[in-house]
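In what follows, structures are represented as structure tokens.
Okay, so chain A shows up in both of these, paired with chain B first and chain C after.
Up next, the complex of A and B:
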């Protein structure tokens, strides 16, 4: 049960959050269907830091972009998604 | 024969309180404060268990919670620590792993087969022929170790508890108490976790000076309000970001074990040291005890574990054990040991120790052999915390460094010293930990200087005694480690897995260092080169019932629940909601809707209020269909897809005014859809004028449906003309209903009949429900449950997302091609749906009909292969046939009949209903 830092509420147990998705923005406008499908289904799964979307569902309900290290499970950055724009 | 001795100054038994219990069917008496093992030893019983593989007799080894020998079953709860468990009246204690008894165990035949029962024996022997595997399994199970769980014996699971202390201290010995006091005096809230029944650690079985110090520390602890003390409790794991698991209580009659969890500001590990056994022939025989076990038995329980003792005096503890034995009236031979010399060469005896040989050739007759190799640093918690743990050739102990911030060590695990040194060091550690936990509140206190390392001087015997037991839990001898190495398992981690050394319930507390030493010697490596295995939770065994805890789920009831309950509703759970499945007669309820009128509670339906100048832009992005053209007061069915174009949610949306929409979702999809809206709002429309709120709970919703519904409602509705032309199908109005303001009225429904859906402020829901029922009396109105609604919706061919669709279903398979938005800009799923728009879908949802029932999930077959499946199926009271929906490959969906494979293997020819709808395909009834 990791502790997740929220820029608005401070740290809370991860059970207060809902994992949404990887945070790599999908570019809907310029993709071909093959590129789109690849970006949807073939995830990078890096050995190291990765960007993820979590929503503070039992808190401020903001969607956060967390930078989480998949090796150490450490969350090294947390910011609001607000205003990123781009695709779903 | 009694081994009980006269009063000891620190004894914990109460001689005025005899306690009777049964041991393998025999009545035994001990005293309050005795453990199961001490009470048995006091009566002269020395064989308490049989070993795991070879069924050798076992007695007491370490005499504490970690004792690997005396695992017992108590009242049907297996694998309990007999040297820790306190006696309670009426305990039914059984030995484990032996048949018919520990004294005469026929399974000891395994011992004769010792040379065959090598590591990997089962894999090597019982692999072929394959057909015999079940037979092997059956036979081998009878030889498996451990007690038998009697299921009803499990005490009820206890509520879990969260702890919020600044500092948690694992271990209530002198160091743990001193650290607790210092931390609390500095201003921290402290939780002191002690795994025995009393705090005090080694002081409890110590000498006169120890008992004085113990009394002082206990008095101070009792007077300190800032420390909560938990006994019979263990910090069993440290997880990510300092999350702790603590077990509390349990293990005894009736009392359930409780799970505590929390993330303290700092953790002080003060769990002491674990005495390490020596390796020699016969080191598991009853009568071979570690010095600490002797001291505990003599000083805490006033039990003399033997009358003729050989004690190898290699450190303070073993010297003190010899003195304790003499005071207890035993005849003691002290062997002065210097740098591991001399050591025990072998202990021999038929059922217990009878004679002892030393490496210098001396032989003694004895019934008690007290020897240890040194001390093990129980590095589990520091290791779980991320500290680096390495075994040092110089000290033969684990060295711990690179601990993460806010984890500190105190007591024997931190180094060597006198009790006074430990107490002084631990007090400084406690103050430091208090500051670490709450730096803004508690003044800075530096970490104390490190204690010098403790050093052991033992040496492995040479040549290595192959049958010396390394791991007492798993009955793994030194020779088996050598076999594993010979067979190529050359890393300590592989040796562990192949031989199961250190994998038993004590998790290597006694065996890990010896196992590493054996591997190092055999490979000619240093201890550092061999490395260590990995420590994982739990530190001591925990029960699965404790981890599970009592299972509790939130239940949500609609505002009309009390009425349903009073009128014979049968409820079912839909997510957290309880909904009426029926009022006893679903077919009759459905018929009433088709013939006259019915009413159903649909309050669980998700409702989301979306407002703002950009509301229609949000909807355009969220749904596959377009919303800009939806006029005020109209409603439209909408479908949401995911990025892959798969249908994930649907529902009707009404436009209440220019900038306000009310979205309805499935009962289970409301939360998910609200989160989805919030994400789109934050990510894609951050600067927009847009507000979304989940309002499901604000309304009681009911659907009045059937040909007489308009007639029924007309007298109840104000401010809204119900006539067909004034309020057509798929429209929404605000209205005053049965005198209640602020209601919404929709011309929508799931039944295919003339329907009005009412959203009434929740507090007035029951009033309106009653008004509808009494107004409907003259039409024979029937309340109906979800089962009747399922019948009606399958008759009508309405699909349910998640039941009639799967993870590959696109809108095109559902015949919704016209809904997929064109020229409306970006929306979720656009790329996939545009790509697929002009391609024939591979499957299609159709209706099926048959005389007899076609069960859901039945396969539709063609040419011997599956071409789809039945997704929903009901017997239709309207058509008096089975009506179904089925997701079929396109070629099969085009046919007029298909073959359905029934569960009994027979086939049924079902008629295909093109266009899905079984009843009133033109929709005239709903529009009426």
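Up next, the complex of A and C:
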């Protein structure tokens, strides 16, 4: 069980959260059809640290941007997605 | 004991990953097509990855015609493998029973039964009374929450010793002249003008016109070395084994609703598998919540196991594709081939994947049996929906 820090609620067990996706945002205005297709299925799936979207489903319901290492599961940063310009 | 080799300067084909898929491919390239200038690179020891971490279950009762045909061929190859490789693989065709505990899952199971029959695979939907005959220890009420309504009965399903398959393929491939380089990680893939030209290893550079990615659990990482991105998300799948108890279970028992599957080994231990972890990770650490969920599900089916102790638990690292079907064949980089995206069903597919990919390499075009599994199906929207054919919750 990993502990996920939420900027609003403090740390909670990962079971209170839902992993959403990699935090790579597609620019809906200028993307081509091929870019849309790729963004639907293809993922960086990195072996190491990455930015991810998680929703605090059993908490404040906010979507967070986590910086998490997928090899060690260590979470080094957590912030609210709200306020990021464009996309989400 | 495997031979050790000096690294040559060049090979016709480099296989990345010395697991059951990479070794099967090497074996079929050499045996079926006479290609022997082949090197298999394994970063650890052979079979150290998912080949030794799966629950060793065989079955071919999938959901699509493409899937059933593919896994049926694999089972056929597995049946004669021990004889062919002269290596005891302890094949136990104990049968595979998937419980239907709600109307939706019964509908899916009936669909799979009919699809399997159409492909000539022995599989039928049976009622609860028949389930009780096959598994007398079962609580048909499912603890009141998940009543057993019927099940998909697949007599050819069963188990086969996974490490024996690894060693058998490795020994046979080696005897045919294939070089297996253990403790040799592929750290780079060289390309020139859109073509593969070789690989980098800590022991030096090797030139090769063909490089095949057979690195289950590291598929995205290896593909990225060649500049290829994949529709894969990597997630751990945990499993566990109990202490030995008196023989009481003579089939593989799987539950759609409870996302659990288990069987009893000849030694009496119970081998369990369950859901994939709920977020992507390359960590193979086990978790307590997995054991809690597993125990809850198992006890709803077989209450008498309440006092049985778990001996150990572990995780395999699964490369999940969007449609639950694998990715086999070419990429945009000429000479860089894929045998990846094996999700939770890689072990049972190894012989057919190796045989088909070997044919693709030798003949220059993919055999019909793997054509549906090409990488370009994602952009073209030709998915092969197998996600509903697994007892593993995704």
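By our rule, the second predicted complex is superposed on the first by the 86 of 88 C-alpha atoms of A that agree within 3 Å, B and C clash if a C-alpha of one lies under 4 Å from a C-alpha of the other, contacts with A are read in each partner's own complex, and residues count from 1 in each chain.
By our rule, contacts are C-beta pairs under 8 Å (C-beta built on N, C-alpha and C of every residue); 3 or more make two chains touch, one makes a residue touch a chain.
Not measured: the values here are computed from a predicted model.
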item: Partner chain in contact with A:60 - chain B first, chain C second, else both or neither; value: neither
item: Touching partner for A:3 - first (chain B), second (chain C), both, neither; value: first
item: Chain B versus chain C as contact partner of A:15, first or second or both or neither; value: second
item: Which of chain B and chain C A:42 touches, first, second, both or neither; value: second
item: First (chain B), second (chain C), both or neither touched by A:82; value: first
item: Touching partner for A:73 - first (chain B), second (chain C), both, neither; value: both
item: In the superposition, chain B vs chain C on chain A residues touched; value: B
item: Chain A residues contacted in one complex by chain B, in the other by chain C; value: 1, 18, 37, 40-41, 73
item: Complex contact set, residues of chain B against chain A; value: 239-243, 261, 263, 621, 643-644, 675, 678-680, 682-684, 686-687, 826, 828, 830-832, 835
item: Chain A to chain B touching residues, read off their complex; value: 1-3, 13, 18, 20, 26, 28-29, 31, 33, 36-37, 40-41, 53, 55, 57, 61-63, 73, 80-88
item: Residue numbers on chain C that touch chain A, as the complex places them; value: 218, 220-221, 229-234, 278-283, 285, 287-289, 322, 378-379
item: Residues of chain A touching chain C in the complex; value: 1, 14-15, 18-19, 34, 37-38, 40-47, 52, 54, 70-73
